[in-house]
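Chains: A, B, C, D, E and F, in written order; residue numbering restarts at 1 for each.
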Amino acid sequence: MQTQSAKRVEVIIEAPMERRLRNALEEAGVTGYTILPVQGGSGRSGPWSGEGQVSRAGGMVAVICIIRPERLDRLIETAFAVVERHIGVVSVADCEVLSAERF
Amino acid sequence: MQTQSAKRVEVIIEAPMERRLRNALEEAGVTGYTILPVQGGSGRSGPWSGEGQVSRAGGMVAVICIIRPERLDRLIETAFAVVERHIGVVSVADCEVLSAERF
Amino acid sequence: MQTQSAKRVEVIIEAPMERRLRNALEEAGVTGYTILPVQGGSGRSGPWSGEGQVSRAGGMVAVICIIRPERLDRLIETAFAVVERHIGVVSVADCEVLSAERF
Amino acid sequence: MEDILALAIDNLVSPIILSFVLGLFAAIARSDLSMPEAIAKGISIYLMFAIGFKGGVSVGDHGIGSTLGPSLVAGVFLAFALPLIAYGLMRVMTRLSPTDAAATAGHYGSVSIVTFVAAASVLEANGVAAEGFMIAIAAAMEAPAIISALWLAARVTKQTRVDTTLLRDMLLNGSIVLLIGAFLIGLSTGQDGLDEIGALIGAPFKGVLCLFLLDMGLIAGRGLRSGKGALGPGAVGFGMVMPMTSAAVALATAMIIGLSPGGTALLMTMAASASYIAVPAAMRVALPQANPSVSLTLALGVTFPFNLIFGIPLYIAAAAWMTGG
Amino acid sequence: MEDILALAIDNLVSPIILSFVLGLFAAIARSDLSMPEAIAKGISIYLMFAIGFKGGVSVGDHGIGSTLGPSLVAGVFLAFALPLIAYGLMRVMTRLSPTDAAATAGHYGSVSIVTFVAAASVLEANGVAAEGFMIAIAAAMEAPAIISALWLAARVTKQTRVDTTLLRDMLLNGSIVLLIGAFLIGLSTGQDGLDEIGALIGAPFKGVLCLFLLDMGLIAGRGLRSGKGALGPGAVGFGMVMPMTSAAVALATAMIIGLSPGGTALLMTMAASASYIAVPAAMRVALPQANPSVSLTLALGVTFPFNLIFGIPLYIAAAAWMTGG
Amino acid sequence: MEDILALAIDNLVSPIILSFVLGLFAAIARSDLSMPEAIAKGISIYLMFAIGFKGGVSVGDHGIGSTLGPSLVAGVFLAFALPLIAYGLMRVMTRLSPTDAAATAGHYGSVSIVTFVAAASVLEANGVAAEGFMIAIAAAMEAPAIISALWLAARVTKQTRVDTTLLRDMLLNGSIVLLIGAFLIGLSTGQDGLDEIGALIGAPFKGVLCLFLLDMGLIAGRGLRSGKGALGPGAVGFGMVMPMTSAAVALATAMIIGLSPGGTALLMTMAASASYIAVPAAMRVALPQANPSVSLTLALGVTFPFNLIFGIPLYIAAAAWMTGG
């Protein structure tokens, strides 16, 4: 089966910033991404949990974005400028994708 | 600590196809997978969101499947034949697993 | 953009063990992690689903933890000693992180 | 004529319609008001359980009468015929591709339960009685509508292999099982059963319907906002012409079998409404290459509000007029 | 005898039981009907709050009487003893491994709150009064049942180190805290408090119970479908013999302490029912090597429907007969 | 004086307050009792819809009177002024950084709807009438509070560029749109509308409020447990001194514009309460470097329970005393 290498970018971000991130992604020409709900976590500002949320205003989400390697830099620079200060964590991993024509 | 290399397959797929995918995985002999809920996303058919869902009938799910490398091809070919046309995105990444005896 | 290599550890574990895992992570000095809800899955003890849960007591969660490579061993040894017998799956993958100062 | 107008205006200032309008407005204004998915699903389970149960109790009380059989046949006939009419109309009125038209056509054969419920509420508020078994007819229409749509889909894609598991899945669709199951429970426990659980499924029903319509308004508004590119004026026109066409066909059918004025109005509403529960999922599986935002925007963003605001009073008035009720 | 039959039939055609049957049927027929997890959890919070509160108000109204103390002792005794009986019975009747048997035994010591609530509803519908404090006894049984099960688990696994944090976790289990907390709130606000919030926790209660049992039916049906491999006929037999054994022990206990007919029936139901709330989580932690589908399928798929459909009328009739009520 | 005490004690043994205390206790004792996020959100949609709707109906019934205009001006004035007072007080009383103080100050300008609802319930239970439009004033205070807080934030961070989309977002915040929308629906459908949906939004309201406060107690308790490190005694003191200061300012304002005793008590409660709905999200975006646990622990863990338990009876008594009601 034919695969193609790509990058998997995972951004964990506060929910109130979700729309801004979506807009920034769109402006950077990234139209493919998936948003997973987050139930809780812990970081420098302490632990929190969606059930009985305390220290986070409105929870967080995880945004997964699979893109061609050559578009990674643009994605990171354009989009994350907006949200930099709010980013929980941004991580990038290598992956292989099927149905390469989609990318 | 002893680890073993494996493949992490991530399939983002429409919820109405979830059962078909489960069945296909089982037929291909893959009995280990985890399904995460998806809250929203964007693709060629536009953005959508689980709260106030519009352009997706019943949302999407992310299926994560960790398997031995030698079983990857079989998994992809047998299982994804069924769902090919519905696949949002299928990505494959390398990983290391603990408790190797499970695989 | 400056990135730094890190490890992405993903633990799929039964929800009743979530607090024990959180405590163990804290004791091992890991304060950064994110918990995603799990909707269903399948493993050696058969398939299950959060809606109309049967064979799992209280469902499962996926814990994602991004750490510096040199802290991986400590994380795995200290923390997972506690939960070993309950672990659905622990997988580790390489990734690159932004905002390196956080790690 | 004045009656229609009075009914329409009365309908417009009901909390139910205004809740829908509030949701529509909030979504179009890009407010972040939203209803959690689980709550929306919970409310729809409540609504379907209540409507099915009350239908069963009502049939138990008044008997099925002589019209149940003919009504079932009529419902099945409408569910088969309407997708074909819808397909034809779309090919004429719009520039949608055959695939998109086929996927959309299926939606117009089956019934939007919320539209049905809204019509039943208006009838009740105006003291118009209707056959209790109408909700069972609505459930029975789902399967033929899907078969009809699958047949269209097979013709369009020139596939011969029809996915047989699909139909089985759809017949066991949760909404249908719940509606029919609650109907049977209502039928067998009767008035005693209603006395036991009426405090949940009776008086609070309309208030819950308001909250549900608030969510429907949000969904429809978001659909309109994000799907407006996908629809030309022809498609929007179709979304309004189609329900009136269906209602007219249903009116004729209802008169042939001799339904009551209330029953006629409900059959018209059922015909005129477009499902967005079981059929969309079936169409995604059968016609994955169709763009789901086309059919959902039409069904939810155009036809649903059209029926809610203009259609229902119109159908009730027409039914009353034609059946002399 | 006729009374039992009448009661059983009456029980069978109640919306509550039929909702359970609907869920069971839907799951076995592989319908995709499902209740969102959040809704099911929300409903169970409502049920526990309501039952606890009303228990508290009732104790406040009628006083605790002279039987509260002895009843507490009886409940604790049953909770300790029943897991041991269950373990013995399983080793004899089934081919389950010692680990699976120990994990399952714990479930039979504690109480299924929904079964309790269903029995209380049947009593109420038949005008049989019961001690208001019974719900507090049910909450008090959780801890000893877990201790007894942990002791069994330690014997089976030959471990000496018992996980002490586990017991603490289980005592602070949400359901127990909610039940006891609501009981105390009901006790201190009394009839005035009930007047304030009765419109939520009173009349709609049974309807909500129907929706909850619909979900329980779905869960039990899915459990039976996917867990049928795990259970032999011996295990299924155990799932029905055990509740009757427990009920018999509880009947004797209740007669010794002199409970009312209603209270006796409730104590029997509590003994006969198997928990699937606090205990399963405790057993997963204490005995991870046990297969959770065994115990849950037994508790939920066999014993729960058995109690709901046959057990409750039987226990009520037996209690009435033996206590001369 | 005795009246205040009686009112305070009466308030304390209401199921509403006790439910909050139960949640608080459960969280502090580390029980795993929790309310699913979706349920909590669903309940708050219900509460806001009901309170808005009933406010609209009440204004429709009694007319807006001559005080609506002045009250609006007063509300907007308070919303602008209180964050500035809060900022000053915090810089004096606590050792919070300017950023944390600015982020926290915004919360004290806007209104906690649940506190408002609790106060309205107590008034109703004691038969004290209040202006129906007060809920609209509460909604109107959100925007100026955020503007005031943004201005503070800009001064603190020495930024000149203010995020203009932020204000727009906040004005279209779901809670505000829902409150105002429901208010307008209540206003236009009036008593007829209330008759239709009163069985949902009327009688069960207080019971639902109990469940919501149970969840608020859980959240506040968890906040106190995990945030206790972040707050010194000065900050905790601020969390109690600030609401009394705000209430005093509001009392003076209310007397100037001549509100009724009930309306005065509500304006005081609105001023004294701290929002944790729209403002926290706005502050996270505007001042990401502030630690969100500081402001949320103060608003939810200190000021909210203070108002609920001591504040509300105090404000009602003070309002009655000063306005001679």
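As a convention for this text, contacts are C-beta pairs under 8 Å (C-beta built on N, C-alpha and C of every residue); 3 or more make two chains touch, one makes a residue touch a chain.
Predicted model, so just to flag it, every value in this text is computed and none were measured.
Asks: Among all the other chains, which ones are in touch with both chain C and chain E?
Replies: Both-contact set = empty.
Asks: I want to confirm something about chain E and chain F. Since they are copies of the same sequence, is their interface symmetric in residue numbering (over half shared, so same) or not (under half, so different)?
Replies: The interface of chain E with chain F is built from mostly unshared positions.
Asks: Based on mean C-alpha positions, I'd like to know which chain lies farthest from chain F.
Replies: Greatest centre separation from chain F goes to chain B.
Asks: Need the most distant chain from chain E, centre defined as the mean of C-alpha atoms.
Replies: That would be chain A.
Asks: Please report how many Å separate the Cα centroid of chain B from that of chain E, as a whole number.
Replies: The separation of the two C-alpha centroids amounts to 38 Å.
Asks: Averaged over CA atoms, how far is the centre of chain C from the centre of chain D? Could you give it in whole Å?
Replies: Distance between chain centres, rounded to whole Å: 45 Å.
Asks: Of all the residues in chain C, which ones touch at least 2 other chains?
Replies: Within chain C, residues 19, 36-37, 47, 49, 93-94 contact more than one other chain.
Asks: Going by the touch rule set out above, which residues of chain D reach two or more other chains?
Replies: Residues 32, 34-39, 42, 169, 204 of chain D each touch two or more of the other chains.
Asks: Could you list each pair of chains that touch one another?
Replies: A-B, A-C, A-F, B-C, B-D, C-E, D-E, D-F, E-F
Asks: Along chain E, where are the residues that touch chain F in the complex?
Replies: 36-39, 41-42, 45-46, 49, 53, 169, 172-175, 177-178, 181-182, 184-185, 188-189, 193, 196-201, 204
Asks: Once bound in the complex, which stretches of chain D touch chain F?
Replies: Residues of chain D touching chain F: 13-16, 18-19, 22, 25-26, 29-39, 42, 125, 202-204, 206-208, 210-211, 214.
Asks: Could you pull out which chain C residues touch chain B in their complex?
Replies: 10, 12, 36-44, 47, 49, 60, 62, 73, 76-77, 80, 84, 87-94
Asks: Looking at the complex, which residues from chain D come into contact with chain B?
Replies: So the residues of chain D touching chain B come out as 27, 34-37, 169, 215, 218-219, 222-223, 226-227, 280-285, 288-289, 291-293, 296-297, 300.
Asks: Taking the touch rule as given, give the residues of chain C at its contact with chain E in the complex, in rising order.
Replies: 14, 16-17, 19-20, 45-59, 85-86
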